[in-house]
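In the part that follows, the structures are each spelled out as structure tokens.
Here chain A shows up in two complexes: once beside chain B, once beside chain C.
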Partner chain A sequence: MGKASIKRSKLARYEARLAKIYLIPAFLGLTFLTYLPLLSVFALSLFKWTAIMPKPLFIGLGNYIRLFSKDMFFWTSLKVTIQYAVLTVVLSIAYSMSMALLLNRKIPARGFFRAMFYVPYIIPAMAVYMSWGLLYNKDFGVFNALLAQFGFARIAFLVDSKYIIPSLAVIAVWTSGNLIVIFQAGLGSVPRVYYEAAEIDGANFWMRFIHITLPIMSPIIFYNLLMSLIANMQVVVPSLIYAGSNRTTYPEYTFMSFLMYRSGFINNEFSYASAISFVFFALIGAFTLVLFSTSRSWLFYEGGDK
Partner chain B sequence: MTIKSRKRRERLGDAISFTLVCVFVILVLFPLWWIFRSSLMTNPEIGSLSFFPGRWIFDNYAAALEVFDYFRYLKNTMTILIPCVVFGTITAVMCGYSFARLYFRGRSFVFGLCISSLLLPPIVTLIPLYIGWVRFLGLGDTYWPLILPYLTGGGAFNIFLVRQFIMTVPKELDEAAKIDGAGTLRILVQVLVPSILPAIIVVALFIFIGIWNDVLLQTVYISDVNDYTIALGLKRFSGSYGTDWKLAMASTVLSILPGVFVYLIGQRYFVEGIVMTGLKN
Partner chain C sequence: MKGKRKLISILTAMLVLASMAGTALAQERVTITYSMWGDNEEVRVLQETIDKFEKEQDKIHVEIVQIDRADYVGTLNTRAAGNNLPDTGIMAEDAVLMWAEQGMLADVSKMYGEGEAKPLDSLAFTFDGKPVGYSVANEVLVLYYDREAFAQAGVTPPPAGADGAWDWDTFVDVAKQMTLDVNGNNAKSPSFDPNNISRYGVMLCPDFWQLEVWSVSNGGSWYDENGKVTIGEPEAMEALQRIADLYLVHHVAPQYGTNTSTTLDQDFVNKSTAMYVNGQWSIGVWLGAAKASDGLDWGVGVLPYMKEKVTLNTGGVNVAFATSKNPEAAMEWLKWYAKEENAWGLIQSGIWMPVLSSYYTDEALTRKWVENPNFPPYDEYKSAVVDYALNNARPTSWYWVNNTNLFNDALSSILAPAWSGNVSVADAIQNNLEQLNAANQGY
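Now for the complex of A and B:
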């Protein structure tokens, strides 16, 4: 017995050492690509450092003061980022949930349709925005061709400040076919008996959706809501493509990530860009916390726990 | 009678759903058709409402290849993509295996750190990483800053995915192999890898998508035109005023094709993988 336990502890020690060897990549990644850079973002934000300065100069909260009180773009950028993210998340969840519900009916060629909805998701971002750049174009785009056909004035969807954010949101919704697949899989796991019981009680489609589908799907919806919110708040590619070449960009394109990109990589103000990054990090953290803390009241887990 | 009427209503619902699905699929696919049709037209014709090109000008593609250095861009993209997919997948499997099967003190803490890093938006750390790669290590204008991060397990999410899958494999399987004298590496390669192969393919596909989709990191780290990837090459069309749309669209179609090809091969795994991302939490 004693011998066996010594042997086992030896084995355990050997195993622990092996575990750490296998985990070297993760250790390196977590240290040098995640947590150390996160600390550095905060540290850097307390300095003044541009590409031409040989050494950073400590200025305390100076960058934050400049950001909150002097940067004319910051508050706009906060506004448009939240507008875009909320609009996009709400629309894409509504769209993909509806499509998943439709696909969940007894219809022919379901797999084919699902695959078709999913196609935009595999198109690389650059190609997506190039394509929509044409569709939305004032002179060559199909939407404007239609408007002109019916005698309406042409609209510069990607330039006119009223239309920029909704137009970008449509693009994001178009590429959200992955959510349809997720929701459809979730719907498939709802026990049929629930619906059958509800039907015997005379519940119509809408009541079944509200009282059965939605509660059972709530953890999946919550997870996808959180993940797409975080992803969409980081929006930067449309700005790089549609507004990147102009130094004086439209306020609707100065999403927070783009503000950070412009400060860091075009104006070469590393430390100021770090301050923006850190504020952005705090903002996403706050959103995540709010979502998590409210989730208790509307999340439903099977087994009766609320 | 009620059953009959309910059945009829059910069938009507199915019919309406089918019609709606058809309408939406057409709407979703419409932009793709429009790009393809535009890539075969003259510029003035692109602005019209015609659904088909009057004459199918395939020469647009030849003309596009003159300004859009497709094969060079494709080669450059592959130079980044292949090592990332190969080494990212291997390291993700190693780390996922360790988290799932090998015990050491502090494992749950390290795993917690790994999982919390999922909530950290990658864009937040872009500036210090850039300074690190370019200023400290002097790797500006090389592909290393794009490749090396994938040697660290291909991201926390992929490690997590592999771990979840290894945990569903019965432990008796490794125990049996262990009794037969197999070491951990042999257990991993000969017992676990075959049984979680779908998850491994999914990880590889996710790494592929991540790089294939990337615009920001490539914009930040690559500045020499000779090193441009497909995304950066395509981006050159967007910068200029008076875009030559027929060439831009032909190039766009060319840049979509390799991804569609990979999708057609791995479609089953794509769908499986997407389901995993949304349901495993």
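Now for the complex of A and C:
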């Protein structure tokens, strides 16, 4: 007995040593490619530096003060980024969950439809946004042709401040094929026996969905929610395509990532862009934290572990 | 056997020596780098130009650094941060003074000696009274039109000379005649349906800086000669309101900024507009090709005017970076490249206009430039572009004002609600003058 435990602990020590060695590359990568750059971005945000300035000038919290109190774009940017992210996440989770449920049924040519709904996700963003730009066109686009046909006033979807965010959200939802695939994988793993038992008990589709599918799927919903929230907070492509620098920038396009990009790479203000990115980082962090802390109340793990 | 080995070692030694000598010979040429934006076709044309340069002299070798236009200044910034700038390069107009202010651009006043043929003074970017770069090309804003559309409507097309330039009311009236709804009624007809327009009278290029021309035309300005913001004065604002009213009141143009593409040839071919305001470069970039491939019959005229008959001139700038280790070679290359005959491919195709005044005043030279396949008839281009550029053009404000990029970001955002008619241009600007001044100061 005593001999065996000594042996085990020797083995355990050996394994622990090995694990540490295996962790070195990941640790180096994290340190030099993630944490140090993160720290240096924060350090840079305390200076005034334009990349072409000979020496950075220490200004303490100057960039942050400017951002919160003087920057005409910041508060709008914060507002539209959150609006866009929340709207897009809610719609695309609902859309891709419904699509996954439909595609999970035994319908003819299921493989074909699965591919069809995934395709938008892999089309290059430039092509997606250019094509949707044509569809949304006020004078010559399909949507407005339909509106005009039925006697409604035309809508400048990508210019009118009331419609910009919803119009962009629709494009994002259309391209959320990746979420459908993940949901499908999740649905495939729900044990049939639960449904059969529920059916015998007389549960209809909605009851089965709410009491079986949703709880079992909740970890996957959580994963999709988190990933899609982080991805959509970082939205920048529509700004670059529809409102690139040099063009009329409608305030609804000044997403945080765009503001960061424009300050740093168009207007030379690297240190200011660092401050924006740090605030942005904190914002995404806060949203993630809220999501994590509320998840305890609705997340269901089959094993019983929370 | 021994002899053979000796022979081999001697041969090897000779080979090594020979290759070293070869390197030494090649090293006599100083290598400098030139960064540019442009597609592979432009790189090909430029490489031919460089080959010519290297044939003419044996001291300098030029390497091209190709950077995407959208990321151009950002990439240069990053390279500056890494102390890895090219020796020379083209520079975006709105970044020149910012780079000059940081001492990153070499003073090029010594580039041209006394009595040497210099580019037009209006094409020099100045900082602290010193030239820091010359535009490599001249460009002016003009009014393009679909000749066929005007002929069909029986309406006189835009005048090709500043003498006959339309005043604003005439322009709006013509634009109304050329705007059609889906039933074929023009904007002057009582049964005109502004909700279902099939062709606009006019479109404006969405490049925001171009709007300055209207304020200047109305006797106003965006800045005074010291770079102080003057856009809050009535003339400047009134002109921009008139631009907004093309859509809001007259229904002859789409809402400003709705049109996100600058490809006016497509708008003409698709019959979505009868006139289009854009820069001269459109001829080389789009219209010449559209004439050849789609048979598009386009014409060029001068801009309408409010109080003064003016257009704006501008043009990408060639600069030598102050960090270059070979400033003499850098300037020699730039000076050689600035000569018209050395950038002839771009001029002949209609992308660039020459920078030397002789091309505007000496008919033989003008003909050499204009009588090329992409151009409209000589007389039309001569009066609508050549004479117009010589007599009516004023430099865009970025030739002497810093931070125009920050200012334009702010102004374009401030004016967004004015284009849709939610506020007046005057209110939008007056309520945000403090912001505009801050942007002008670089925050």
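Heads up, the rule we're going with is that the second predicted complex is superposed on the first by the 266 of 306 C-alpha atoms of A that agree within 3 Å, B and C clash if a C-alpha of one lies under 4 Å from a C-alpha of the other, contacts with A are read in each partner's own complex, and residues count from 1 in each chain.
FYI, a contact is a pair of C-beta atoms (placed from the backbone, for glycine too) under 8 Å apart; a residue touches a chain by one contact, two chains touch by 3 or more.
Everything numeric here is computed off the predicted structure, so don't read it as measured data.
The superposed arrangement places chain B and chain C in clashing positions on chain A.
Using the contact criterion defined above for the overlaid structures, shared-chain residue A:Phe292 touches neither chain B nor chain C, since it reaches no partner. By the touch criterion defined above, A:Met233 reaches chain B but does not reach chain C.
In the superposition on chain A, contact of A:Phe265 is made with both chain B and chain C. When both complexes are overlaid on chain A, the residue A:Phe58 reaches neither chain B nor chain C. Of the two partner chains placed by the overlay, only chain B lies in contact with A:Ile182; chain C stays clear of it. Of the two partner chains, both chain B and chain C are touched by A:Tyr242. Judged by the touch definition given at the top, the superposed model places A:Gly133 against both chain B and chain C. Put chain B and chain C next to each other and count what each touches on chain A; the higher total goes to B. Look at A:Ala156: by the touch rule set out above, it reaches chain C but stays clear of chain B. Of the two partner chains placed by superposition, only chain B is touched by A:Pro25; chain C is not. Touched by chain B in one complex and by chain C in the other are residues 133, 139-140, 240-242, 244-245, 264-265, 270 of chain A.
The touching residues of chain B, when paired with chain A in their complex, are 6, 13-14, 17-18, 20-21, 24-25, 28-29, 31-32, 34-35, 38, 43, 46-49, 91, 94-95, 97-99, 102-105, 107, 110, 113-114, 117, 119-132, 149, 151-153, 155-156, 159, 184, 209, 212-216, 219-220, 230-231, 234-235, 237-239, 243, 245, 248-249, 251-252, 255-256, 259-260, 262-263, 267, 270-271, 274-275, 277-279, 281.
Listing the residues of chain A that touch chain B in their complex gives 12, 15-20, 22-23, 25-30, 32-38, 40-41, 44, 99, 102-103, 105-108, 113-120, 122-127, 129-135, 137, 139-142, 145-146, 149, 174, 177-179, 181-183, 185-186, 199, 205, 219-220, 223-224, 230, 233-234, 236-237, 240-242, 244-245, 257, 260-261, 264-265, 270, 273-274, 277-278, 280-281, 284-285, 288.
Chain A makes touch with chain C in their complex at residues 50-54, 66, 70, 72-73, 133, 138-140, 148, 153-154, 156, 158-161, 240-251, 254, 262, 264-268, 270. Listed in rising order, the residues of chain C touching chain A in the complex are 70-71, 73-74, 77-78, 80-81, 95, 98-99, 102-104, 195-198, 200, 206-209, 254-258, 260, 270, 272, 405-406, 408-410, 412-417, 419-420, 422, 432, 435, 438, 443.
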